[in-house]
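We just call them A, B, C, D and E in the order they show up, numbering each chain from 1.
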Amino acid sequence: MPPVVTPEVIWWALLPLLVLSGGGFLLLTIASLVRRLPEALPQAWTVVTGLIVLTATVPMWDRVQSDGPRSFLGGMVAVDGSTVLVTAILAIAVVATALLARPYLRREDLPGVELYVLLLMSAAGGVVMASADDLIVLFLGLEILSIAVYVMAALHLRRIESQEAALKYFVLGAFASAFLLYGMALIYGATGSTRMAHISGYLASTILVQDGMLLAGIALLLVGLAFKVAAVPFHAWTPDVYQGAPSPVVAWMAAGVKTAGFAAMLRVLVVTLGTHASDWRPAVAVLAAASMVVGAWVAVLQTDVKRMLAYSSIAHAGFILLGVQAASERGTAAVYVYLFVYTLLATGSFAVITTVGGRGDAAHGLDAYRGLARRQPVLAGAFTVLLLGQAGIPFTGGFVAKLGVLAAVVEGRTYWVAMVAMAAAAVAAFVYLRILVAMYLEAPESDTADRTEVPAGTRVVIGVACAGVLLIGLVPGLLLDIASDAVPVLVGG
Amino acid sequence: MVVTTSWYLTLAAILFSMGAVGLLTRRNPLIMIMCIELMLNAVNLTFVSLGSELGDLGGQLSVFFVLVVAASEVVVGLAVVVAIMRRRQGATVDDLSVLGG
Amino acid sequence: MAVLAAAAGVPFAVLPALLVVPAAGALLVVVLPRRRPELLKLVAVATSMVVAAMTVWLVVAFDIDRGAEMQFEFRHSWMADLGIQWLLAVDGISLFLIVLTGILFPIALLAVDPGHDDRAYFAWMLLLEAGVIGVFCAMDLMVFFLCFEVVLVPMYFLIGRWGHGNSAYAATKFFLFTMAGSALMLIGILALAFLHADATGGGLTFDLVELAEAQSLGTTTARWVFLSFALAFAVKVPLFPLHTWLPDAHTEAPTAGSVILAGVLLKLGTYGFLRFGLYLFPEASHFFAPVFLTLGLVGIIYGAVVATMQRDLKRLVAYSSVAHLGFIVLGTFALNTEGIEGGLLQMVNHGVSTAALFLLVGMIYERRHTRQIDELGGLQKSAPVLAAVFTLVMLSSIGLPGLNGFVGEFLVLVGTFNAHRWLAIVATGGVILAALYLLWAYQRVFHGPAEGANAEMPDLKLREGLVLAPLLVLIVAMGVYPKPVIERMEPSVDALVAHIETHVDGFHEPTSRFGADIEVGEGGDDAGDDH
Amino acid sequence: MSPATLAAPLVLAADPLLDGAIGPGIVGIVLIKVVMAFILLLVSVMLMVWFERKLVADMHNRIGPAEAGPFGILQTLADGIKLFFKEDLIPDRADRVVFKLAPYLSLVPAFLVFSIVPIGGDFSGDGTVTWFGETTYLQVADPPVGVLFFLALSSVAVYGVMLAGWSSGSKYPLLGSVRASAQMISYEAALGLAIATVFLTSGSLSTHEIVARQVSGSWNVLATGVVPFLVFLLAGTAELNRPPFDLVEAEQELVGGFHTEYSSLRFSLFFLAEFMNVITMSAIAVTLFLGGPAGPILTDTLGWVWPVFWFSLKVFVFLFCFVWLRATLPRLRYDQLMDLGWKVLIPVALGWFLLIATMNVADDLGWPMVPVVLVGVAVLVAGAALLTGAIQKARGDALADLVDEGVED
Amino acid sequence: MDAAVFLISAAIVLTGAGGVLVSRNPVHAALFLVQTLFGVAVLFVLQDATFLAAVQVIVYAGAVVILFLFVIMLLGVDRAEDLGVEPIVGQRPVAAIVGASLLGMLLTALLVSVDGPTGAHGANTALGDAADNTRLLGEALFTDYVFAVELTAILLTVAVIGAVVLARRVRGPLAPLPVVVVASVADDGEQGDDGPPDVVEATDASDEGEGA
C-alpha cells in the first residue's frame, strides 16, 4: 500500500479554531471531573479563551498581511484577512456573551457549564465558516454553529418558551440546511468540485453553455443562506426564537451567528461565484430590500422590545445584504464593518434587555421600559446610545456601517435598493424612537418598579459596546482600513 | 433502457420536493424532522449520482459528511422535542403558540 | 483690517474649536458632580458664551478683501477610504448664520430654565449647538450630512422631554419627517461623489467646492440628485406641503426649543438650498426654480392665512415662520443677487425676530400658563414694557422699514420682481397679510380691558430684559445699518450667481438691476417707540 | 489484493462465479446456494433448540425433551407444528399492520446475515471450491462491504423487536421492546468497535477477504489481541438478548417481553429468529476472529468437506458456550447491563481500537514499537482515569440530588 | 436489469416518502421513512457506492429512525394526527404550490436546460469501482478531507452535549406554563386514541424526569 500523504497544516492559522474547540473540550472535561466547580470558573474560562483568540488574531493579521492568504489542509481551509477579522469579531461576541451569561444563569438559577461549552464550540463553528475553502467544510462549520445554538436556545430549561423557540429554530434551520446542501450538490455537479478555489477557477475558465444546474444550485444555496441570516422571506423563525431564547444567547445569535453567516455568504457568493454575480445580484438585492422593508415595518407593530429588536435585526440583515449584493470590494469591506458594528450594537442592546428582562426573562414589553430613564438614567443613556447607533444616527458606529453599505450600493448603481434602504431606515428609526419614548417620555406604570442591579459583567459589555459604537462613529478610520484589507481572496487548493 | 444520471436527479428532485411539502404541511414535530431526513436523502442521492457521473469521489465523500450532520441534527432535534413533550403531551407545532406574533 | 487678517491666518483653528467647545462643554456637563447642580447652568452658559465670543470674533476677523473665498479653512482627512474629510470653512453665506447660532444659544440658555433633568437638558443644548455650527461650517458634503442629521437627536429629546402637551408625538413627528426627508439626500450625495469620481477618473471626494466647480454630472442625473437634496431641505425649511411637523414641534417644544428651532434649525433647509442646491446644481436649480418659487409663494400665503386663524399665540408665530420661510425660498430661487442676498439676510432676521417672539410668548405663558389668544387681553396695562418690546419685535417681523425685517423682505421682493414679476406682486400680498395677523393678534392680546389674571400679570423682569436686549439691539442695528452684513455677504452671493450664470445655458440675469446697491432706506431708528 | 474487477454493475458478490457471462448454470448454482443456506439454517435451528433444551436440562439435572424422536430430537418440530395450528390472535388494541410485519422484520435479517458467511472453501488457496466445473465461493454472497452488511442487518433486526412490542398495544410488551432495543443499540456500538479492530488488521470489509487474511497470517483473535474478541462475545451475547442479558424477556418483570401478545405462527417466527441469530452470531464470530472454515485439510478426496467441518466445529463450540452461559449465570439488572455496555465495553473497545491503530501507524512509518506502545498505553490509562473520575463525579452528583430532594420533600 | 432495479427502488423511495407525508401515526411515518432509506441505499449500490449504502442503512435505519421510534414510544406521542383539519387555512394549497414550483424549477434546471452535470470530470479524487470504494473513501477521508473529519468530531460532541443537557431534569421550580398552552393541553384530552396507549402518563409534570 502506498504511504498515505498527509496534507500540509499551517498550525498558526488553525490557532483560533484549536483554542476555541480545545477550550470547550477542556472545560467540559474539567466540569465533568470536579465536584464543586468554582462558580466563576466557566465564565472566566470562556472569557479568557475568547481573549486569547482575540489576541492571537493580531499577530495572525500581521502575518496574513505580510505573507498573503494561504490555503492548506488539502485546500479545505484558508486563512486570509477576512478569516482573521471575522474570527476577531466572533471572539468579541464570545466574550460579551460569556460576560452576560453568568449573571443571567445565576438570576435564573440554571446550571451553567454547558452553555459556555456550547458557546465556545459554536464559535469554533463560526471560525470554520469564516475560513472554509470548501463547501462541505463550510457546511460542517455552519452545522457546528447552528446545532450548538439550537441547544443554547433551549437552555432555559424552566421556560417552555425557550424550548419551543429552539424547536422552531431547529426545524427551520434544518430545512434551510437541506436547501443549502442541495444547492451545494448542484454546484458540485455543475462545476465538478466542492473546493471553492476549483469552482471559481472552473467558472472563470469555462463558459457554461447550459448553466441551469449552476443557477439552480446558486438559487438553493441562496435560500439556505438567507434562512441562516434571517432574510425576508426566510425570516419567520427570528422573532419567535429571539423572544423565547435566553437573552444572552440571543445576543450571540444576533452577533455571532449573523457574523458567521454573512462571512460564509461572502465567501460563497462574492468570492466563489463572483463570476456569476450578474445572476445572483438581483436576487440578493430583492432579498435585501424585502428584509429591510419587512423588518422595519413589522418591528413598528411590535410591543415587545425583544421582538422589536428581532425584526430590527432582520432589517439589519437586509442592510448587510446590500453590501453583499454590491459584489464588489467596497461592498465586502462594508459588510465587515457592518458586522463589527452590529456585533457591538447587538451585544450591548441585548445586555440591556437581559438586565431589564428581570427574573424569569419575561419582562420585555415596552411597559418594562417606561420610565427607565428616571429609574436608571445611566442604563437608559447607554441604551439610547445603542439604539441611536442601530438607527444609524451620525457619529455612531451605526452610521459608519450604513454609510459603507450604501456607498457600495451606489457605487454599483442600484439606486432603487438604496432608496428602499433609506426609506426602511427612516421607518426603523421610528422603532427605536418608540423605545426611547417609553424610556424617557412616559411615566412608569407604578412607582414601585425597583431598580434592577446591573451586574458587573453586563456593565462591562454595555460600556464597551457604547464606547465602541461612539468611537467608531467618531474615528472610523482604523476599522475601515482593516475591513478593506480584509477582503477575502481565494487561493488554489 | 440505460439509466442515466438524469433519472437519479429527477428522482432526487421529486424526493426533495416531497420532503419540503411535508415539512410545510405536517404539524407533528417528529414527522417534520422526518421530512427533513427525506430532503437530506434527496441531497445524498444527488451527490452520489453527480459524483458517479463526474467520475469523482467528492460526491460520495460529501454524502458521508451529510450523514454525520443528519445524525447530529436528529439527536438535537429529538432532544428538544423530548424536552418540550415531557411537559406538554401531544403538542403540535401549532400548539406552540406561546410565541405568537 | 490687516491685523485682523493676519489674525485669521494664525494657526488657531477656530472652526474646529467652534465644534469642539460646545461638544466638550456637553461632556463636561454630563460628568459634573451630582452634588453641585448649580454648576450645570453655569458651565452651559459659559460654554455657549465662549462660542458666541468666537463667532463674533469670526465676523471681525473675516477678511472682506478676499471676496467669495472660503476662509478659516480647516481640512483633516477622516474616512480616507471614502474620501471624506473634515473640511470646515466659512464664507459670506454662512458667516452670519454661524453668528446667529452663536448668539441665540446663550440667550436661549439664559432665558429659560428646563425645570427638570437639568443635566441632560444642558448637555443636549450644547450638543445641538455643536451640530448646528457643524452644518454651517461643513464644506464636505458628508460632514454636512452628518451634522444635518445629528441635529435631530438633541432636538428630539429637547422637544420630547421638556416640551408641553403632546410632546412625545410632536418630537417623534419632527424626527421622522426630517429623517425621512434627508434619507434620500444621502443617496444623492453618494451618487454625486461616485459619478464625479467616475467622470473625473479621480478618487472619491465629497469636497463641495471641487464637486461644484467640476459640474461633472449629466443634466438629467444632476436633476435627479438635486431633487434628492431638495426633498431634505424642503422638509427642513419646511416648504408648503411638507410643513405639518412644524406647528406641532413649535407648539409643544419648550420655549428654548422653539427659539432654537425657529431661530436656527429652520435655516438649515434654506441654507442647504443656497449652498448645496444652487451651488452644486445650478442647472437643476434653474430648471426646478418655478416649482420652488410656487411652493414658496403658496407657503407665504398659506402660512399667513392659517396664522390668521390661530387661537394659540405660539402656533400663530409658528405659522408666521412658514410664511417667512416662503419668502426666503422665493428669494433664493429668484436666482439673482438681490433675491439671494435678501433671502440670506432674511434668514438672519427671521432668526432674530422670531426667536425674540418665541421668548416673549414663552414669558407670557410662564406668567399666565396659557397661550390662547382668547384668554389673554389688555396686557398692555399690566405689562407695558413687555408690550413695548413685543411691539418692536412684531414690527420687525412684519417688515417695517427701519427694522431688520424690512431689508431682507425688500431685497427678496426686488429680486423676485426682477425675475418673475407676478410672483413678486402676489408675495407682496403676503406681507400685507403678515401685518394683518400680527397686528390683530397684538390687538387682541395687549389691547382692551385687562380682566382677572391678565390684570395682575407682572411686567418684564430685569433678567428677562437683559436676555432680550441683544436681540432688540440687533433688530434695530441691522435695520438701520446693514452694511457690515451685506458687504460680507455680497461677494459670495455674487460669486454664486456668477456660478449659476456660467453653468446654465441661456440664463441671463435680468439686466435691470434696479436697486442692487440700494442698501435699504434709512428708516428712523425711533421705530421701536412707534406706538 | 482486491478480487477481479466486476463486469456486473450490481455488486453484491465478488465471486469468481460471476465473472464473465452469466448462464443458466450459474444462476442455478446461486439458487442452490441460497436454498442450501436457508435449509441449513432451518435445520440447525431445529437442532439448536433441541440441543439447548437438552443441555440445559442436563446441567440442571433434568431429562429434558425425550419423547419425540430419538433423544427427543424431533421435539422442536413437534412444537413448531403445534404452534402452526394454534389460533392466531391479534389484540384488539394492536396496530394490525405493524403487528403482522414485526416478526418478519425479525426473521429476515437473521436469514440474510448468514449469506455473507463463508462456510467452506479451501483458504490455503483462494478460498474457492470447484463444483461441476464452476469455481465459486462457499458463501451466498461476498459484498465488498460484507461486515458492514452484517452491522446494517443487525441494526434492522432491532425493528422487529421494537415494533412487536409497540404494536401489541399493551404496556409490558412495550416496555420490553423499549428495553430490548435500547440494549441492542447500546451493544451494537461496542460490537461495531470490536469489529472495527478486525478491519484494521485485515484491511478489508469483505468476509471472504478477512478469512483469507487469517489463513495467511494469524487468526484475528490473536492478531487483534484477544480483547476485541472478548468484547465481541459479550456484546454479541447482549445483542442476542441471550442470558445473562435477557432482560427483554425477564418473565418476572415483563411477563415475557415484547412478544407476550404474539401467538401461533407469528410467535414461532420470533422464536425462530432468535435461535437463528444465535447461530449466525456464532458464525460471524468464527469468521471474524477464528479463521472461519480454516483448518487442516486432512484428505484430498472430498477436500471441500474439511473446511465445512472445521467451520461447523467452531460454531458448535460457540453454541455450546451460549447454552452454558444461560444455564449458569444469573440475569443482570438493567442498570448494570447499561453500565457494562457504556462504561466498560465501549471504552475498552475504543481504547483497544486506538491502540491497534497507533501500532499500525507506527509500523507503517517505521517508528520503534516499544515506546509507541508505552505512550499509547499511558494515554489510554489516562483516558481511563478521566472516565472513572467523571463517572465517580456523576454518581456523587446524582446522590447529592437525591439527598437534596429528600430534604426538600 | 439496471433500469428494472432503478424503477423498483424509485417506486420504493417515492411510496415511502409519500407514506411519510400522509401517515397519521408517527410510527407508521417512521417505517415509511425506513422504506425510503432502503430504497436510497439500493440506489447507492446501483451506483457502486457500496460503502455509503451500508453506512446509510447503519446510520439512518440503525440509529436515526430507531431514535425516532424511541422518542415516540418514550413520550407516548404516537396518537394519530388528525389530518382532516387543516391547521392554518390555505396552508396546504400554498405548500403544494411551493412544492410544485420548487420541483418545477429543479426539473427545469436539471433536465430541460442541462443533460447532466457540467462540471470538470474527475476533478479531485478518482472514483474507483465498487470493490475499491471503501479503500478510496478511507484514503480521501484521512488525507484531503481530514480537516472535515476532525470537524465531525466537534459536531458530534456538540450534538451529544446538547442531547444530554436537554434531557437533563431541572432542579427547582419551573416557570408556569403559559395560559394558552394549558388550554391546548386540556383540549388534547378530548381526542380519541386509535394508536396504542401512552406509556408515560400525560402530565404537565415538572419532575417527570427520565432517569436513564
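Assorted remarks:
Methods note: a residue touches a chain if its C-beta (ideal position, glycine included) is under 8 Å from a C-beta of that chain, and two chains touch if they have at least 3 such contacts.
All values reported here derive from a predicted model rather than from experimental measurement.
Chains touching both chain C and chain E: A. Taking the mean of C-alpha positions as each chain's centre, the chain lying farthest from the centre of chain C is D. Among the inter-chain contacts, the highest number of C-beta pairs connects B-E. Once CA atoms are averaged chain by chain and compared with the all-protein CA average, the nearest chain turns out to be A. Centre to centre, using the average C-alpha position, chain B and chain E are separated by 5 Å.
With centres set at the average Cα position, the gap from chain C to chain D is 92 Å.
Centre-to-centre, using mean CA coordinates, chain A is 25 Å away from chain B. Mean C-alpha position of chain B lies 31 Å from that of chain D. Contact with two or more other chains is made by residues 4, 136, 140, 143, 147, 150-151, 154, 157, 160-161, 163, 186, 188-189, 192-193 of chain A. Multi-chain contact residues, meaning those touching two or more other chains, occur in chain E at positions 2, 46, 48, 51, 55, 63, 74, 106, 110, 115-117, 119-124, 133, 145, 148, 152, 155, 158-159, 162, 165-166, 174, 177-178, 181.
Counting partner chains per residue, chain D has no residue touching two or more of them. Contacting chain pairs (ordered by label): A-B, A-C, A-D, A-E, B-E, D-E. Chain contact summary for the complex, chain D toward chain A: residues 203, 364, 386, 389-390, 393-394, 396-397. Across the complex, chain A is touched by residues 105-106, 108-110, 112-124, 139, 142-148, 151-152, 154-155, 157-159, 161-162, 164-166, 168, 170, 172-175, 177-178, 181 of chain E. Residues 9, 16, 19-20, 23, 29, 32-33, 36, 39-40, 42-43, 46-47, 50-51, 53-54, 56, 58-59, 61-62, 65-66, 69, 72-73, 76-77, 79-81, 83-84, 87-88, 93, 96, 98-99, 101 of chain B are the ones that touch chain A when the two sit in their complex. Taken together, the chain E residues at the contact with chain B in this complex read 2-3, 6, 10, 13-14, 17-18, 20-21, 23, 26, 29-30, 33, 36-37, 40, 43-44, 46-49, 51-52, 55-56, 59-60, 63-64, 67-68, 71-72, 74-77, 79, 81, 87-88, 91-92, 94-96, 98-100, 102-103, 106-107, 110-111, 115-117, 119-128, 133, 136-137, 140-141, 145, 148, 152, 155-156, 158-160, 162-163, 165-167, 174, 177-178, 180-181, 184-185, 188, 191, 198, 202-206, 208-210. Residues of chain A that touch chain E in their complex: 4-7, 21, 24-25, 28, 73-77, 109-111, 114, 117-118, 121-122, 124-125, 128, 134, 136-137, 140-141, 143-144, 147-148, 150-151, 154-155, 157-161, 163, 186, 188-193, 195, 198, 202, 206, 208, 210-216, 219, 360.
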